[in-house]
Amino acid sequence: MSTLFLIQFLNGLQLGVLLFLLAAGLTLVFGIMDFVNLAHGSLYMIGAFICASLTFWTGSFVWGVLLAIPIVAVIGFFFEKLIVRHLYESNHLDHVLATFGIILIADTLVQLSWGPQGIAIPLPDYLSGQVEILPDIIFPTFRLVIISSGLLIAAGLYWLITYTRLGMLIRAGASNRTMVSALGVDISTLFAGVFALGAVLAGIAGMLIAPITEATIGMGNDIIITAFVVIIVGGIGSMKGAFIAAILIGIIDTLGRSFLKDILEVFMESASAATAGPALSSMLIYIIMAIVLALRPQGLFPPKVR
Amino acid sequence: MSEVLLQVEGLKKSFGGVVATDDVALDVRLDEIHAIIGPNGAGKTTLITQLFGEQLPDAGHVFFKGNDITRLALHKRASIGLARSFQITSVFMDFSVLDNVALAVQAHEGHSFKFWKAATTEFLLRENAMKALAQVGLDGRASNMASELSHGERRQLEIAMALATNPVFLLLDEPMAGMGAEESALMVKLLKGLKKDRAILLVEHDMNAVFELADRISVLVYGKLIATGTPDEIRNNSEVREAYLGEA
Amino acid sequence: MSVQEVPKNLKPHLQAPSLFGFGQGKLVTILIMALLFMLPMIAWWMGNKFYLDFSVRIICLAIAAVSLNLILGFGGLVSFGHAAFIGIGAYAVGIPAYHGYESAWLHFPLAVGLAGLFALVTGAISLRTKGVYFIMITMAFAQMAYYFFLSLEEYGGDDGMTLWSRSDFGLINISDGLTFFLLCYSVLAICIYLTFRIVNSRFGMVLRGCNSNEPRMKALGYNTYLYRLTAYVISGAMCGLAGALIANLQDFITADTMTWTRSGELMFMVILGGAGSIFGPVFGAVAFLLIEEVLSAFTIYWALPFGILLILSVLFIKGGVNGLILRGWKS
């Protein structure tokens, strides 16, 4: 039981860091540009598909990821320049409608380019095995890679935002746009850059998960809602909130799915537990969201008022 | 002297260490315009939010017609005859002028969980709204959209919305804010006609308007009332001149 | 814009959304509603089940769009989870039927009641928030409902469940295509008229006032939260009714009808048709499903031009198809 718990805990952590990669971009773009991007999940999907093609082309997953990152950045950059930028002045309703249109377009373009089937990404041998993390506890190497690269990226983001000039501009931009303009910074390039950064983070999440789940059309459409739950719980616009909420939601969701049924069996007969378990665990994170909202409508770590 | 409608006694409010309202006592009588003036940061806004129950005082009482209303719920104030206009113009831009006032009328006629009968066919709703508009001289613009009004007209509309419930006590929070000389003059004329059968508390920066309109003036400095009297008394009060008018 | 321009009369009157629109717009409205009535009749007369079902599908989704328009168009609440109410309405037919209870007098009240209850609970939480929060939270709650029904293995899980016979009304038999069409058309007409009455009532004035300037409504003494919640519940319940009809139309119920992309499509219909006009959502539903049908006949990649259309309509069209028609006539 405790072995299984540890393994599921790590699985939850893995989901958590993926959610963070998605939520970070969402919260960054919202915090700075006040823009709601439903199509963020499409960047996650596109990252996975481009990485798949490049992995086959170069014969190496690592090269696939490294080459796919700049491509996704460029896509994000032009996505902002061509479409998103014309929507900053509109209201949130227009944002969600237009980015909903982008999802339709992205899904179809991916289908046109890669066909309707999912694509599995092969891992090199040194990543596809398992390691013994504690005596008698083995865990897939690649999942550990996901966790550690996710945490590394989170640390990198923290450094970027706290210590660099770009980070300073991002923090200033979130609280005061005119001030950033007054500093003589080209705000439109800053916005496009931030958007591209968000796209890369989402793309990396897609690339990391694809070897486990395959790259599939519409793969971003489900997880994006979970990422929304993360930023709602964490407080929209807050990077710290996104990180803590992502890890929390990832672990709670995973543990709920594995153990809720067993826990319920303690209280009720197993037939009802077998029905109630999956039903309740699938709703768990939304119930948590509802509770957080009921207590703190602005989320756990609301950013400072702009 | 006519009947005292609103009476304030020993009102106190502080935020942290800052005393915003310091033992304020004042009264507003029927058929008069009582103006409150004071330099920026004197605590005028804090004072009137306490009069209207938007903030609760730390100590002291507000009486209306002899009843203690210090802690009376916001939405109950309208039904006993209190109304206010706001410092910042805030009307329903995509509603017609008449509809703006109708919403105000409707707000004070109990709940609006009435789903079936068309509001357009309610004769009294329309009549009461038109009456309020006529009082501020906007009846000719009733069918226009609020977005089509000039700034001055929107301020008039604000006052019509406050008048919509036919209040006995009216608080006007800087009605001349942002107005040109011509518009201000019109507003002064309008306000003069409103004081009959009611009490008006006026908070205003435009000194010309205040001294022309007010029957009595109270001067608020750093949360304290330093003087109350007729315009002439205030004009000649040395303490006021020093604390306030001297600055200008 | 929630209030259409009214021809100025000599005597000022309260302005309100009109039922059919004004001038030429009125003609178009009546024409489209007549076509929506005539074409299915012709299809039925010619024995063309496909076009009859297609028309009924338009009508059912139009009911859902009309319900969404009440809060989105008139109330200004961007609810991105309306498909959940369709799903709840559908399962309120499917699950009792699975257990052998086939009476429509159970199914339809249950659909309306449960959808209304779900709206009450989720609305009570989501309406405490504003703007983007509200959009995302309605989305998340809809996704919660989706996963809930997906997890019910007993009722088909992700395979969906078949409805072996349509709801039993006793007096009338809706297994017959024409009768079912007439039922749906009447429900649509009733829902439109209901919306019309509501937005013109005192309640509707308040709802539109909250859309226009919520802080001012609060200052006037309105409890805006309660009014909005009430509208949200009415809207959800009405949409649940659409769900019950859709279940009967498809004879098949799946959680896929409540994914958030479905909610997006509903919103698109409302915007396409012109949010805040009484008949707008009906035009939107007709236009949306027609375009989808035509495009998908040409290409399996129909979503591509559709997405482009959506972006273009956001960037360039204000007031939806309805507004476009009206402006076309005016110019």
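Chains: A, B and C, in written order; residue numbering restarts at 1 for each.
Criterion: a residue touches a chain if its C-beta (ideal position, glycine included) is under 8 Å from a C-beta of that chain, and two chains touch if they have at least 3 such contacts.
In this text, all values refer to a predicted model and were calculated from it rather than measured experimentally.
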{"item": "Relative to subunit C, chain with the most remote C-alpha centre", "value": "B"}
{"item": "Middle chain, criterion being Cα centroid separation", "value": "C"}
{"item": "Rounded Å distance between subunit A and subunit C, as computed from the means of their C-alpha atoms", "value": "32"}
{"item": "Rounded Å distance between subunit A and subunit B, as computed from the means of their C-alpha atoms", "value": "52"}
{"item": "Separation of subunit B from subunit C, taking each centre as the mean of its C-alpha atoms, in whole Å", "value": "44"}
{"item": "Touching residues on subunit B, where the partner in the complex is subunit C", "value": "74-75, 78, 86, 90-96, 98-99, 102-104, 106-108, 112-120, 122, 125-126, 129-130, 139, 142-143, 161"}
{"item": "Subunit C-facing residues of subunit A, complex", "value": "30, 36, 38, 83, 86-87, 90, 92-94, 96-98, 100-105, 107-109, 111-112, 221-222, 225, 228-229, 231-232, 236, 275, 278-279, 281-283, 286-287, 289-290, 293-294, 297"}
{"item": "Complex contact set, residues of subunit C against subunit B", "value": "1-3, 6, 8-9, 12-16, 197-198, 200-206, 208-209, 212-213, 215-217, 219-223, 227, 230"}
{"item": "List of subunit C residues in touch with subunit A within their complex", "value": "72, 78, 80, 122, 125-126, 128-129, 131-133, 135-137, 139-141, 143-144, 147-148, 150-154, 259-261, 264, 267-268, 271, 301, 303-304, 306-311, 313-315"}
